Each structure stands twice: as structure tokens, then as C-alpha cells.
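Shared between the two complexes below is subunit A, which has subunit B as its partner in the first and subunit C in the second.
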Partner chain A sequence: MIEQILEMARRSVLQTLRQPALVIPPVIFPLVMMAINTGGLDAASNLPGFPADSYLDFAIAVPFIQGSLFACVNAGSALARDVESGFMKRLAMTPMQRAALLVGHLGGVMLVALASAVIYLVVGFAVGMDFPAGALGVPAILLLALLVALAFAGLGAFVGLRSGSGEAVQGFFPLFFVLLFLSSMSLPRPLIEQDWFRFIATYNPVSYLIEGIRSFIITGWDAEALALAFGIAIVIAVGGVAAAASALRTRLVRT
Partner chain B sequence: MTQLPNGIEVEGLVREFKGGIRAVDGIDLRVEPGEIYGFLGPNGAGKSTTVLMLTTLLPPTAGSARVAGHDIVKEGPAVRQAIGAALQEAALDGLLTGRDHMRLQTALQGVPKAERRARGDALLERVGLADAADRKVAGYSGGMKRRLDLALALVHHPRILFLDEPTTGLDPQSRSDMWQEVARLAHEDGVTVFLTTQYLEEADVLADRIAIIDQGRIVARGTPDELKAEIGRPSLEVEPAEAGSLDEVAGVLARFGLPVTARPGAVAVRLRGSVDQLPEIVRAIDAEDIVLADFRLHAPTLDDVFLAKTGRKLEGGEPAAEPEVVPA
Partner chain C sequence: MRRFAQVAGAVAWRSIHNVATNPAFLLPSIIFPMFFFVAFAGGLSNVGNVPGFDFPSGYTAFQFVFVLLQASAFGGVFTGFGIAADFERGFTRRLFLAAPSRTGIIAGYALSAWARATVVGVLLFVVGLATGMQVGGDGVDIVGLILLAYLVSLAATLFAAGVAMRLRTLQAGPAMQMPVFLVLFLAPVYVPLDLLAGWVHGVATVNPFTPLIESGRDFISGSAAPAAGAFAIAVALVAAFAWWAVRGLRRAEAAG
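Moving on to the complex of A and B:
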């Protein structure tokens, strides 16, 4: 079983590395977005009640979430491609266990997500990001980033397996992006003036995922923010992976 | 039902889909160990559905089947361990190389770690892909993909091999290479091969025995020679040099057989006897002073068999424009 998982993870990593279009955008695009936001919204850090000294410290949490959204698309597209191409039937003909396929595949996606998170962190440190959480905060923020990536990748895998269509997975991407924009991505929730926007951001789980990552950078160890972020990420991850496992059972029919 | 350790036995197998459509409608089969069994039929006849059931990827609605002595419903894992399959459309990952595929397949099939590399290399060599082993599969030709698909089906030394239309879309050279490899597997390695095809020539050249399936039912079975002998006699098509002689030619030929459909400007009959009649026919035409433009003898083909059994041509799958035998 472990060997099957490792082989499937290796395949997943190779699939990603051999498609530059799946490697470069998840790394570059979030950093470019962050640079643009930091340049345009830097004055926001002067607002009374703004929690950080620089907008960069506030904004650098966002690439972690955006990278997770790309992990979602990668996971879903690859599995949908396996359904479309019949590769899933090839796998079904082997003694491979279903769990090995899903765990291996998601494991490979996690590895790529981890590499992206490390890059965001390195870039952050390089441009002078504060990090009051200290040395222990580094593995902790990476763990949270991985959990968030797993949560979205699980949802992507579910859509890919259920629909068997790469286009359907791509179609979900904008939906997830809307969730990101309607969160506390650009401003702290208390400083959002529009009531409807603040209302949505308050009930949008993505806000709490961002705020959990942000807490390592701005406040250090914030128990409430971390409990909410880890809790929500775990719930989405468990739900997403369970849904994906159920969809896989349907796809990988064999007697 | 007896238990053939390397064979296939099927009784009353049915697969019904939504809306009550019966893709496979109560078929019986018996494939002997070591033979190449051709499963011939047009698109949509039920060939691939049958293969999916026999390879345990689709549960049957009714009936039973044993593959390599194991029940396809109750003993799925044992069936899968005994078989290899190259299903319709080579299911490969374009981003992986041939060698990557081999590595993955040998690992998932449980080939001992120490043997995997050698087994993969040997199979790549066998199907002529050693030089392309480290290239991404997306750059392979259709023939190369089919050969890799075949090699992947063989990594765990299966006793029974299912090949679902293995040469569809291939050029003649690639098709011929595939035929040679399949024949070698059966005749040298003793692998039982269940081969579906819509190509008559493929079934004729490769298969020891054939079943013809149409609209989910088996309409004929036997060796290619037996099937041809069933509809038996050759036909003769004669084209006079002058169109005005057509009736005269028809009159002469009617003495030797029943009229059948012919090309425009020609007359054809299914001979009552064997080709031994030919000298007599030539003399009879000569006696009428008829000058001929063309004179063709058609031996019975599997296409004739299919036409006789279903009233349709196999290749193209369209209903025949006219019945084979027309009233004299």
C-alpha cells in the first residue's frame, strides 16, 4: 500500500513538473498579485485599527491561499484527465487500492504546494516581512498552508472525479476565486465599510484561513485565529477528501 | 460450467443499461486455453461491454462467466491477477515516458522490486520501444501507444489477454506488427487471447475461432473456415465488353447459380457447385460469342458470413442496400 502511494505521488509530481503552465502560475501569479496590491493599497496601513505596520505583512498571507487554489485545479484536472483518457480503468485493472490512488495523488499535489509555500515564505523574508511567531512558526505556517492546500485539493479531486471533465474543474476555479475576493483578503474585516461585504467576509470560511496564516506574520501565536484556521481547514479537508473518496468509489468500479 | 484454468466460459451474460438498453443480450462463449478467440462485430455491437464485464470492470446484469477458472463477480481480484488487458483507446498518460509507465505498472501489479526494471526494459524491447523509452508518451505515434499498451498489459505474466480493438486507427505496417506480436504471444508463450475487432481481415488472419456479435447477440461462431463454409460457395462476377450482352451473360450464368448483387454493368451468381465449374462456364460463354471485359471469382469472406447472418455489411456497419440473393 505504501509503495502504491509513493508511486502514485511520484506520478503526480512528475505530471506537475512536466507542465510548466502548472508550475509557474501558482508561484508567480500570487506574488505578482501581492506586489500589485501592496503597491496600490500600502496607504491602507495608515488606517486607524489596521493591524500591521506595512501592507506587505498583511498581504503576504494571500499567496498561500491562492497557491492552494491552484493545487485544487491541479488535483482535479489530473484526475479528470485520468477518467477521460481511460487511465482510471488501467489502474482499476491492477491490485491497487483506491485509497492509494487518492492519497498518492493528493500527496503529490501537497508536495508541490509545500514547495510553493516555501517560496512565498522565502520571498516574504527577502522583502523584509516581519515574523513574530519565530522559528517554530515556520513549520507551523507551512503545516497550515498544507492543510489549506489539502482542503482545496480535496474539493478539486471531488469535482474532477465526479464530473470526469477537466473543463468542469476549470469552471470551478473562478468560483473559488470569488470566495477569495469576498474575504478579508484586502482589508481586515472590521475595516470593511460596506455592510454586505463585511457580512459575506465574516461568514466566508476563506477569511479565517487567511487570518490564521496572517496571524503568524502579524501577531505571532494567536490561539483563536489559529484554532479557527486549523479547524476550518481540517473540516474542509476531511469533507473534500471524503467526497473525493466517494466519487472515486463510483469511478473505480470493479467486482 | 467446467473450470478452464486458462480459458473463458460465459453463460447467458447480459448487460442492461439505463432505459432498458441491452448492450449484451444473453451470450454464451467458450474460449479454450491458448487459442486466439476473435470477437467480431460492428461498432456498438456489444464487444467492448463484453470485455469490460469479463475484465471485472463492469458487473453483469445477469448470467455468469468464469475467466481463468474464477467467477467474474465473486472472484474479481483473482480474475484481475490472471489477466492482462489493453482496452479500447490506449489509456496512457501523455506526460509520462514509456519507462515511467513501466515503473508504475510493475509496482502496482506487485512485480518484485528487484525485477521491475529488467521486466520493464525487456517488454519495451520486445515491442520495439526501447529507443523511445525515455520520451514522453504524448509524442508517440498511434502504433507506439498501442504497443506500449500491450507491453503494460503483460508486465505480470497474464495467462489470458484481452485486446479490445488493438489495431483500430493504425496504419497497415503498425497493424501487421501488432498481429505478429499477438500471434507470438499465443503460439510461443501460450497466452489465451480474447481479441475484439471490427476488421474482418484481422479476425481471419489471427483468430483460431471467431464469434460474431450483432446487437448484443452472438449470431455465428466457429473457425474462419467453418464460417465461410457455412455460406459456402464462391460467387462469380462477369462483365461483358458490350452492355447489350448483359442479358445474354445473365442467361448463361443462371444455369450455374443463383443471381446475387453485382457491380453496375456486370452480372454475378453464387455458384451451385465448386470452382470446378469454371471451365464449363467459360465454354458456355464462349459458345454464345460473348466478349468479356472482366471475369472475377469471389471466394467467400467473413464479410459474406456477416452479411448472410445479419443482412448488413460489417465494415461501415450500414444496412446492406440490397439483399444478398435476389429472386432469379
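Moving on to the complex of A and C:
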């Protein structure tokens, strides 16, 4: 079983690394957007009640979530491609266990997500990001980033397996992107002036994922923010992976 | 000239028909600008209270102008996607054989981009006014803003057409989208130019899109600032990208 998982993870990582289009955008695009927004919204750090001295410290959490969204699309697209190309049907005729297929595939996606998170962190430190959580905060923020990536990758895998169509997975990407924009991504929730927007951001789970990562950078160890972020990430991850496992079972029965 | 107009009209009608009858083409170009308007004007409205931010018509109008020009530009980029798809399907090669005036093909695509920009612009105005956007400019100012949006749409369409005709594949999508995206976002998007910080301020100062967006904001607030410079830049961009698109057309013809 472990051998099967490792083999599927290796295939997943190699598939990603062999296509620069799957590696470069998830790393570069969030950093470019962060750089632009940091310059464009730096003046917002002068608002009364803004929690950080520089907008960079506030904004650096966003690439972690954007990177996870790309992980979601990569996971879903790769599995959809396996369905479309008939790889899944051929696999069904082998003694390969279903769990190994999914765990191995998601493991590969997690490895890429971990590398992205490390890059975001290194870039953050290089441009002068504060990090009051200290040395222990580094593995903790990486763990949270991985959990968030697993949560979105699980959802992406579900869509990919359920639909068996790469186009359908791409079609879901804007939906996740909307969730990101309608969150506390650009301003802290108490500083969002429009009541309806603050209401949506408050009930949007993505706000709490961002705020959990942001807490390491702005406040240090914030028990409430971390409990909410880890809790929500775990719930989405469990739900997403369970849904993906169910879709895989259905997909293999159909073949 | 009559042949040019006939080809342009036929290509425009076909492109508009394709977009209007296919929700997968139509909806993104309508929904994304609305979404950006909601996300920026709603989520960031407190940025209008930053010291030094003194736009008279308020943050909603400030963001409206950016989203209107962005939607106009991206309508042009989406039209470029359509041109690339037509190459992939082999439609453009058949069109080259049939069209008595091939530059009319580019004009036709540009007309369809204008039609798309018109639909999105009208919807944006409706949503903006419905959400209480303050318009300080008079009728002439609004006409100036609309004219600016059409010029931005035309410049972006010609740029994307030039790329599509050189590469002739949908995989050229990022080569059309990313430069436009970067030019748009490396301008004073969220705050006026004076409040931008760091390297973004430096880039925005020399970005040709900055005078366009600033003039658009002057129009909607009714400021008496001169707009001749912005129109001169817009016309120069249109002229430069028209040359780019026609050269691309010649490359596509030579490629067969």
C-alpha cells in the first residue's frame, strides 16, 4: 500500500514538474499580485485601527491561499485528465488500491504546495516581513498552509473525479476566486465599511483561513484565530477528501 | 471601402452572434467586471477615508472608472481569444480566401469588441447608479468617459489581434492577457497616484494607462482638468496597435 502511495505521489510530482505552466503560475502570480497590492494599498495602513505597520505584513498571507487555489485546480485537472485519457480505466484493472491512488495523488500536490509556501515565506523574510511567532511559527504556518492546500486540493479532486472533465475543473476556479475576493483579503473585517460586504466576509470561511496565516505574521500566537483556521481547514479537508474518495469509488465502479 | 465595410460587418455580426448565443463566452465578460466592481467598491470603500484621498465623487465612482476601463480592455482580450480559436478551427484561413478586404477582418473583430464593451458598460452604469454612485460630471463628461472606454477597448483588441494572428493558437491566451493585466494593475487602481508607494508608484508614473484612468476619474467627478493628453495617448496606442495587428495579419497570410 505504501509503495503504491509513493509511486502515485512520484507520478503526481513528476507530472507537475514536467509542465512549467503548472509550476510557475502558482508561485509567481500570487507574489506579483501581492507586490502590486502592497504598493497600491500601502496607504490603507494609515487607517485608524489597521493592525499592521506595513501593508506587506497584512498582505503576505494572501499568496498562501492563492497558491492553494492553484493546487486545487492542479489536483482536479490532473485527475480529470486521468479520467479523460483512460488512465483511470487501465488502473482499475490493476491491483492498485483506491486509497493509494487518491492519497498518492494528493501527496504529490501537497509537496508542490509545500514548496510554494516555503518560497512565499522566504520572499516575505527577504522583503522585511515581521514574524512575531518566532522560530516555532515557521513549521506551524507551513502546517496550516499545507492543510489549506489539502482542503482545496480535496475539493478540486472531487470536482475532477466527479465530472471527469478538465474544463469543469477550470470552470470552478472562478468560484473559488470569488470566495477569496469576498473575504478579509484586502482589509481587516472590522475596517470593511460596507455592512453587506462585512457580512459576507464574516460568513466566508476563506476569511478565517487568511486570518489564521496572517496571525503568525501580525500578532504572533493568536489562539482564537489559529483554532478557527485549523478547525475550518480540517473540516474542509476531511469533507473534500471524503467527497473525492466517494467520487473515485463511483468512477471506478462505472468503468 | 465598400468591400472593407462588408467584410467588417460580416465578421462583426458573426462574432457578436457567437458571443451572444454562447453563455460560456458571454457570462464571464459580464460577470467578472461586476464582480470586480462589487469587490473593489464594496470591500475597499474605507480606503476612501485614507488621509490624502480626496476624490470628490467618493470611492464607488473612483473604482467604477477603473472597472469600466478594465472591462473594455478585457473585452478586447476576449475577442483576441476568439480570433485565436478561429485560427485553430481553420475558420480564419477560409475567411482569408473569401474576404475581398482582409483588413476588414480586423475591423470586424474590433466592432464586435465594441459591442461587447457596450453591453458591459451599460450594465456597469446601471449597477453603479443603483448602488448610489455619485456622478459629478455633466453629459459631455460622461460622453468623454465613454469615448475613452471605446478607445481602450479598440487598443486592447488590436493588441490581442496582433498576438493571435502571429501565434494562431489559443495557447497564446496568457500572452494576450498578462501584459494587459499588468498594465491595468500597475496603474493607480485603489488610490490616487500620489498615495501609491514604492516601485509601484514609479511604474505607475510612466504607465501610459495612468493618464487614461486619471482623466476618466476627472470626467466622472466633473473636474475641469484637461483631457487632451489622455486622448492623445489613447489615439497613439490605437495607432501603434493597429500597425501591430495589420503586421500580424500579413504574417498570418504569409503562413497560409
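Keep in mind that, in the parts below, the second predicted complex is superposed on the first by the 253 of 255 C-alpha atoms of A that agree within 3 Å, B and C clash if a C-alpha of one lies under 4 Å from a C-alpha of the other, contacts with A are read in each partner's own complex, and residues count from 1 in each chain.
In this text, a residue touches a chain if its C-beta (ideal position, glycine included) is under 8 Å from a C-beta of that chain, and two chains touch if they have at least 3 such contacts.
The model shown is predicted, which means the values in this text are computed figures rather than measured ones.
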Superposed partners subunit B and subunit C on subunit A - clash or fit: fit
Which of subunit B and subunit C A:Glu3 touches, first, second, both or neither: first
Which of subunit B and subunit C A:Leu41 touches, first, second, both or neither: second
Partner chain(s) touched by A:Thr94 [first = subunit B, second = subunit C, both, neither]: first
Angle, in degrees and to the nearest 10, that opens at subunit A between the C-alpha centres of subunit B and subunit C: 90
Touched partner set for A:Gly86, first subunit B, second subunit C, both or neither: first
Nearest Cα pair across subunit B and subunit C, whole Å: 17
Contact residues of subunit A, present in both the subunit B and the subunit C interface: none
Subunit A residues touching subunit B - in the complex, by the definition given at the top: 3-4, 7-8, 11, 14-15, 18-19, 82, 85-96, 253-255
Residue numbers on subunit A that touch subunit C, as the complex places them: 32-33, 35-44, 46-47, 55, 174, 178, 181-182, 185-187, 191-194, 196-197, 201
Partner subunit A, residues of subunit B touching it in the complex: 55-59, 72-74, 76-77, 79-81, 83-85, 87-89, 91-93, 95-96, 100, 103-105, 107-110, 136, 152
Subunit A contact footprint on subunit C (complex, rising order): 28, 32, 35-36, 38-39, 42-47, 49-53, 182, 185-186, 188-191, 195-201
